Each structure stands twice: as C-alpha cells, then as structure tokens.
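Several structures are given next for inspection.
The following pair of complexes shares a single chain, chain A, combined with chain B in the former and chain C in the latter.
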Partner chain A sequence: MTYIEFLDVYGGRLIDGTIVTIYQFFLATFVAVAAALAFGLMRLSQNLMLRAVAVAYIEFFRGTSLLVQLFWIFFVLPLFGITLDKFTAGFLAVGLNMGAYGAELVRGAVLAVPKGQWEAALALNMAPHNRMRRIILPQAFVIMLPPWGNLIIEILKGTALVALIAVADLMFEVRQINITTFLSAESFGTAIVIYYVIARFFVTPGMRGLERLMNRRIGKA
Partner chain B sequence: MEWRWDWVWDLAPRFVDATGKTLIAAGGGYTIAIILGLVFVLAQRTPLLPVTLVVREFVELIRSTPLLLQIFFVYYVGPQFGLTLSPWTAGLIAIGVHYGAYLSEVYRGGIESVPKGQWEAAKAINLPIVTTYRRIVIPQALPPAVAGMGNYLVGIFKDTPMLSVIGVAELMHTATAVGAESYRYLEPYTMVGAIFLAVSLPSAFAINVFERWVRRTLGMTK
Partner chain C sequence: MTENLESYPLSLEGDGIPMVRFQNVTKRYGALVVLNQLDLDVSAGEMVTIIGPSGSGKTTVLRMLMTLETIDDGVIYVEGEPLTHMERNGGLVPANSSHLRRIRSKIGMCFQHFNLFPHMTALGNCMEGPVQVLGLPRKEAEERSLELLDMVGMIDKRDQHPSRLSGGQQQRVAIARALAMRPKVMLFDEVTSALDPEVISEVTGVIKHLVDTHNLTMLMVTHQMGFAKEISDRVCFFFDGAIEEQGTPTKLFENPERERTQQFLNAVLHAN
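Showing the complex of A and B:
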C-alpha cells in the first residue's frame, strides 16, 4: 500500500480524530484558564482558607501524573457516585492538570506587576475588585502570555492521553489504524505531523499574535 | 465503596517493586536526556547552517508533539523495518529523546545567559573552543540551568506512567493489572497517586534547596 492509498483509505478517520482532538484542546484550554485564574488568585488571597484550598489543588495536580489523574477521574470517581462520560472526563482531567501549572503563572504575573501600580490604585481610592480588574489583571495578562504559549502546547499534547480512556481523538484513531493494518510508520508518523502542524502553524502563531495585540492595547509596543 | 486497608497491605510488595521500576525508568530516561540535550544544543551551535536548521526544527517537532505518540512510534515502527525493540528500550529512547529536546532548550538558555564579553575574552587569549566551553562557558551556564534541569527530572518521573501503554511494568501498569484482576480500581489508582505525591513533592523541595546551594557556592546572588 502506498502512502497515497493509505491516506485515501484512512484520511477520513484521521480528520475525524483531528476534529475530536481540536474539541478536546479548546475545552481543556477553557477549563485550564478558568481554573488557573480562580486558583491563582485564591493563592494570593488574604484568607487562609482560600489559600489552603489553592495550595492543595496546585500541589496535588502538579505532584501527580496527568495519566493517573485521568484514570482516577474516569475509573474511581464513579465509585463515589460521580460518573462522567469519557469525553467530559478527558478534557476535565487535562484542563484541571494544566490549570494547576497555569495558576502558578497567574500568581507570578500578578506579583510581577510593579508595586507602584498597586500603590497608585490605592492612592486613587479604587475599590479592591476594581483595582484588580482594571489595573492589575490587564498588566498581569500581558506578563503571563509568553509562558502561557508553552502551556497551551502542553495542553494540546496532554489531550493525546484521552485516547487511553477511549475518546476517539487523533491518537485513538491512529492506534486503531495501526492495530488493523500494522502500518505503524504511516499511521503514527502522520499523526505526529498533524500535531506538529497544529502546534507550529496554528497555536504558536496565534499566541504570538495575541501577545502583539495585547502589548499594543496596553500601550507597550 | 469502602476503602480496604488489608488489601492495600497485600498489594504493597507489588507496588514497592513497581515504584522501583518507575524510578529506574525515570533515572534511565533522564540520563539519556542529559546527554542528548547536550548533543542537540551543540549541534545547533555549529557553523553549518543546514545542521543548525534541521536540529532546531527536530527539537521543535519533538517538543510540540505528544510523548505518548512518540512512545508508540518508537515501539511500533522499528519492527516494520526489521528492528524489534523491547518495551524498556523503546520507552527509554522515546522518553530520553523527548526530554533531551526540552533539556537542550534549558542548556541553550544557560549558554545564552553567558555575557558576550566572556566569549570575546576567551577568543582574545586564543583559548581553544573546547577549553572555552569547559572552563569559561559551562561553569557560568550551569547555575541558571539547574532549576530547569531539576524541574524536568520531576517532569520525567511524572511522565513514566505513559510507558505502561507499551507494557513497561511500572506503577501505572501494575495498578491497571491489579484492577483488571480484582475489578477494584479505587485502591490501586489511589495508591499510584499517593506514591507520586510522596516522591515528587519532596523531590521538588530538594531541587529547590539544591538550586540555591549551587548559586551560593558559585557566588551568584539571586
């Protein structure tokens, strides 16, 4: 079987898988950003309770493997009465895992906003939530964008693990194709190229564009 | 569902054994990664532009595609061309190349942090290139790289469960096997999580201390 024939026969399944991977990627990114913001800010809170919850979340998800968390959410949570379908369990596990790394980025970026900005906001008698929303967060956002670019690639890579709980993503499809055809180089090789193209020509330029846009909006470039 | 301690104790020897294998996999993979990382970074600094470009793109490719996929690729593509690798060999190669790519970026950051004047001074006193690296550049490039290297040591440890997919009998593989034998997944998967926490949290802390010690010893502040 030539490579062209391979693509002709299995191209449809590769595209289906890629679409599922992209869905998983977007949903996991959404969960990760939300969790990172919530727990990153809780980590900086004055309230000891909130801080403790955030530290527990961050250390737990950064201290164990994504694969372990995914299996735990999918196989063990149902024993406690929380049953998630595999698609939801997949992006939720990836998102929560990466959100813990993101929370540290949020924390670092908020702390990196120059002290004068906090003081000026205080001097203007701004309410704390206004100070956070209008002064600190926009600047923190620009500071943390470059490391988020790397994290988002990690999210894309992380979604490959959902294949192991049988979500029919790209990884899952090529594994199935490999089992039936034994054309390993063709199936796994094509998948590597697809992931690479998504990361290198869509995600990374997208993040760079966002960085430029935000820098302009905040008057830095 | 009730947690059964007695069963956990019965399983303990198997999990201790598997933890050992996980640590061996992480250590072996890391050793390969340290060496390959150096190869990747030096290849990117040769005067041959094509070599630089190819290696640069290869590192990008490795870094932006899933490790799981790379593990499958290394394990299954070999036999297609008559080269059969054991799960351990394939797993260590895959994880070593993957983290080698990451470590090469850490090294690169370290080397680029060495001021240009240091290179020029070495050139001015006619130091051979090997001596320049060994005596001037690497001692200064190492401290900023230590933090990144430590993080990836913990990272490689946390990625070893992926080796279970090709049958390396590490922790995750053992837990899945136990679960399949007994139809109980609560204890095995929870134990794996607990073991990972118990190893990676103290390691992260120790790496932090070590990093500060390196900086102090080499007389670098911050």
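Showing the complex of A and C:
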C-alpha cells in the first residue's frame, strides 16, 4: 500500500480524529485559561482561605501526572457520584492540569506589573477590584502572552492522552489504524505531521498575532 | 501603631483649620527611623515645598499623605478630619479601607516616573478616574479631561499612548489626570527629576500656572531650588527625618539660620 493509498483509505478517519483533537484543544484551553485566571488571582488574595485553595489546586495538578489525573477524573470520580462522559473528562483533565501552570503565569505577570501602576491607581482612589480589572490585568495580560504561547502548545500535545480513555481523537484513530494494519510508520508519522502543523502553522502564528495586537493596543508597536 | 490615641483630637475645630496636619507622625522601616515625630501644618491654598538631602524623609511625607505608606505613630488630619484614623465609640481607631477611600478622595498625586497607564491614551488616562471612581458619565468626564489636557498643553496628543510621549509630555498628562479628580490637595513628588533638562520648564510652567490660577493646596518635593524659591509660600528643609528649618523662600534661601541648611544649599547651588 502506497502512502497515497493509505491516505485514501484512512484519510476520513484521520480528519475525524483531527476534528475531535481540535475540539478537545479549544475546550481544554478554555478551561485552562479560566482556571489559571481564577486560581492565579486567588493565589494573590489577602484572604488566607482563597490562597490555601489556590495553592492546593496548583500543587495537586502540577505535582502529579496528567495521565493519572485523567484516569482519576474518568474512573475514580464516578465512585464519588460524579460521572463525566469521556469527552468531558478528557478536556477537563487536560485543562485543569495546564491551568495549574497557567495560574503561576498569571500570578507572575500580575506581580511583574510595575509598582508605580498600583500606586497611580491607588492615588486615583480606585477600588481594589477596579484596579485589578482596569489597570493591572490588561498589563499583566501582555506580559504573560509569550509564555502562554508555550503552554497552549503543551495543551494541544496534552490532548493526545485523552485517547487512553477512548475519546476518538487523532491519537485514538491512528492507534486503531495501526492495530488493524500494522502500518506504524504511516499512522504515527501522519499523526506527528498533523500535530506539528496545527502547532506550528495555527497556534504559534495565532499567539504571535495576539501579541502584536495587544502590543499595539498598549501603544508599543 | 499609634500609641496614646486618646491624646489626639477626634477632629480639628475652630477657625483656620489646616488643610493638612501631621501630628507627631513617625515612620520606621525596621530599625531605621525615616520620619521622627513630624509636626507639620499646611493651610488651605498654601504651596509648601520640601527640600533636603536624599534619605531625609521628604518623599515619605507625601507618600504617607497619599496613604501609599502606613504610619507608625501619630495622626494625619485632612480638612480637620483624621485620615490615618477614624472615630469609633468616641475614640480614634486605625482607619478602615472605606474611611481611607473617603478621605483619600481629597488628595491627588503626581509621581517622579509619571506612572501613566500604558494601555490607555492620554485622554483615557484622564478619564479613567472620573468614570470609574467618581462615576461621571463618559461625556462629562471627557469634557473635563479635554479641558485639563488643554490647560497642560496636551490637547493635540490626547489620542496618543504614553509610549509615544516624551517625559515632559507624560508628566503634563499625569498632572491633568490627577486634577481630573478635583482634589483639594495636590502632591508633587520630584516631578521633574526624571526629565531631561530642556523639558523641565514644560512641567514647572504648568505647576506655576496652577499656583497662579487655582486655590489648590500643594505639597511638593523638588530638587529645583530656583523653582521652589519662585513659587512656594513656604519651604521646609528636611534633615534626618525631621524639619530642620522652615520659612518663606526668601528667608530660607537667602538667610538660612541653621548650619545644615547652609551646607545643603551651598552644596546644591554650587552643583547647579
């Protein structure tokens, strides 16, 4: 079987798998961003309880393996009465795991906003939540965008693990094809190319574009 | 934490209440005493300039009044009301955040490094406080801001972000931003120190205009002795966390009584 024939026969399944991967990627990114923002800000809170919750979240999701977390959410949570379908368990696990790294990026970026900005906002008598929302976060956002570019590629690659709870993503499809055809080089080779193309030609330029846009909005570019 | 709070009045009464009063105010950083039992009154409409060697506590005076620093002893009053403390059950207790917010609204400040918000235009910087803090409608806030930008000569640059402005231009926008909150007391913390020499006069010109046309109470820390002499009602020379000598500019600059004042002025005037 030539590679062209391989694509002809299995192309449809590869595309289906890629679409699921892209769904998983977007949803996991959404979860990661939301969790990072919430827990990153809680980590900076004056309130000890909020800080403790954030530290516990970050420690747990950063300190243990993504694969184990995925299995936990899918296989163990039902024992506590929380049953999630595999698709949801998949992006939730990847998103929460990456969100823990993201929370540290949020925290670092907020602390990296110059002290003078906090002081100027206080001198204008801005309330703490307004100061964060209007002055600090927009600047922190620009600071944290480049490291987020890396993290978002990690999220894309992390989604490959959801194949292990039988979500029919790209990795799942190529494993099925490999098992039935033994065309390992073609199957896994194609998967590698597809992941690379998404990361290199969609995610990276997308993040660069966002960086340029944000820099323009703060008048830097 | 201020001791013997019962010895401080709950509020200042009578004629001629000072706009700002520092009463027995002490500030420490660990073992280092930055300000030692400072007593200083500033009358309404008065322009008081603080000079002195670095480390003498000048900037700390302004930062405490802006509530950017807490105090370790004493009480600060603004318009007769305590700023750092508030009344509770007939006595003074340390101020909570809502009390601080209420009194702080009377005070505006300009910083050495301008601290404009980089993600907003000049106009956006000026409108931010009036809209977000005072709750003015956008249109009214814009009118007020444009008027002030015009006064500081920055109306042409209203749509520029701070990164496109020179230091002098940024500082003028920062002055407009602070004035847009209609403070009763304005604090200028070394506002010309970060500027190139040729643009200093842009900023001093604006402050001079304010002194001439507005009845603002102002406290200014500066190294521009000529400027201080020209516009101040009173000059305070700080040394080692205390006022070493104070008086009218003529008296202090031309006839200083204390040796440390003379030494400082000699050193500064020779350096210029």
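Here is the rule we use: the second predicted complex is superposed on the first by the 221 of 221 C-alpha atoms of A that agree within 3 Å, B and C clash if a C-alpha of one lies under 4 Å from a C-alpha of the other, contacts with A are read in each partner's own complex, and residues count from 1 in each chain.
Here, contacts are C-beta pairs under 8 Å (C-beta built on N, C-alpha and C of every residue); 3 or more make two chains touch, one makes a residue touch a chain.
Keep in mind that what you see is a predicted model, and the values were worked out from it rather than measured.
Trainee: For the overlaid complexes, name the partner, chain B or chain C, with more touching residues on chain A.
Mentor: Tallying touched residues of chain A, the top partner is B.
Trainee: What is the contact status of A:F202 with respect to chain B (first) and chain C (second): first, second, both, or neither?
Mentor: A:F202 sits against neither chain B nor chain C.
Trainee: In the superposed arrangement, which partner chain does A:L122 touch: chain B (first), chain C (second), both, or neither?
Mentor: Second partner only.
Trainee: Given the touch rule stated above, what does A:G63 touch, chain B (first), chain C (second), both, or neither?
Mentor: After superposing on A, A:G63 lies in contact with chain B but is clear of chain C.
Trainee: Report for A:I218: first if it touches chain B alone, second if chain C alone, otherwise both or neither.
Mentor: In the superposition, A:I218 touches chain C alone.
Trainee: Is A:F30 contacted by the first partner chain B, the second partner chain C, both or neither?
Mentor: neither
Trainee: If you stack the two complexes on chain A, which partner ends up touching A:F71: first (chain B), second (chain C), both, or neither?
Mentor: A:F71 sits against chain B, while chain C stays out of touch.
Trainee: So, does A:F188 touch the first partner chain B, the second partner chain C, both, or neither?
Mentor: first
Trainee: Overlap the chain B and chain C contact sets on chain A and report the shared residues.
Mentor: Touching chain B in the first complex and chain C in the second, no residue of chain A appears in both lists.
Trainee: If you look only at chain A, which of its residues touch chain B in the complex?
Mentor: Per the touch definition, chain A meets chain B at residues 59-60, 62-69, 71-72, 75-76, 79-80, 153, 156-161, 163-164, 171, 174-175, 178, 182-185, 188-189, 191-192, 195-196, 199-200, 204.
Trainee: Which positions of chain C touch chain A when the two form their complex?
Mentor: Its residues touching chain A are 66-68, 101, 104-105, 107-109, 111, 113, 115-119, 121, 128-129, 132-133, 160-164, 177-178, 181.
Trainee: Any idea which chain A residues touch chain C in the complex?
Mentor: 114, 116-117, 119-127, 130, 134-135, 138-139, 142, 217-220
Trainee: What part of chain B is in contact with chain A in the complex they form?
Mentor: 1, 60-61, 63-70, 72-73, 76-77, 79-81, 158-162, 164-165, 172, 175-176, 179, 185-186, 189-190, 192-193, 196-197, 200-201, 204
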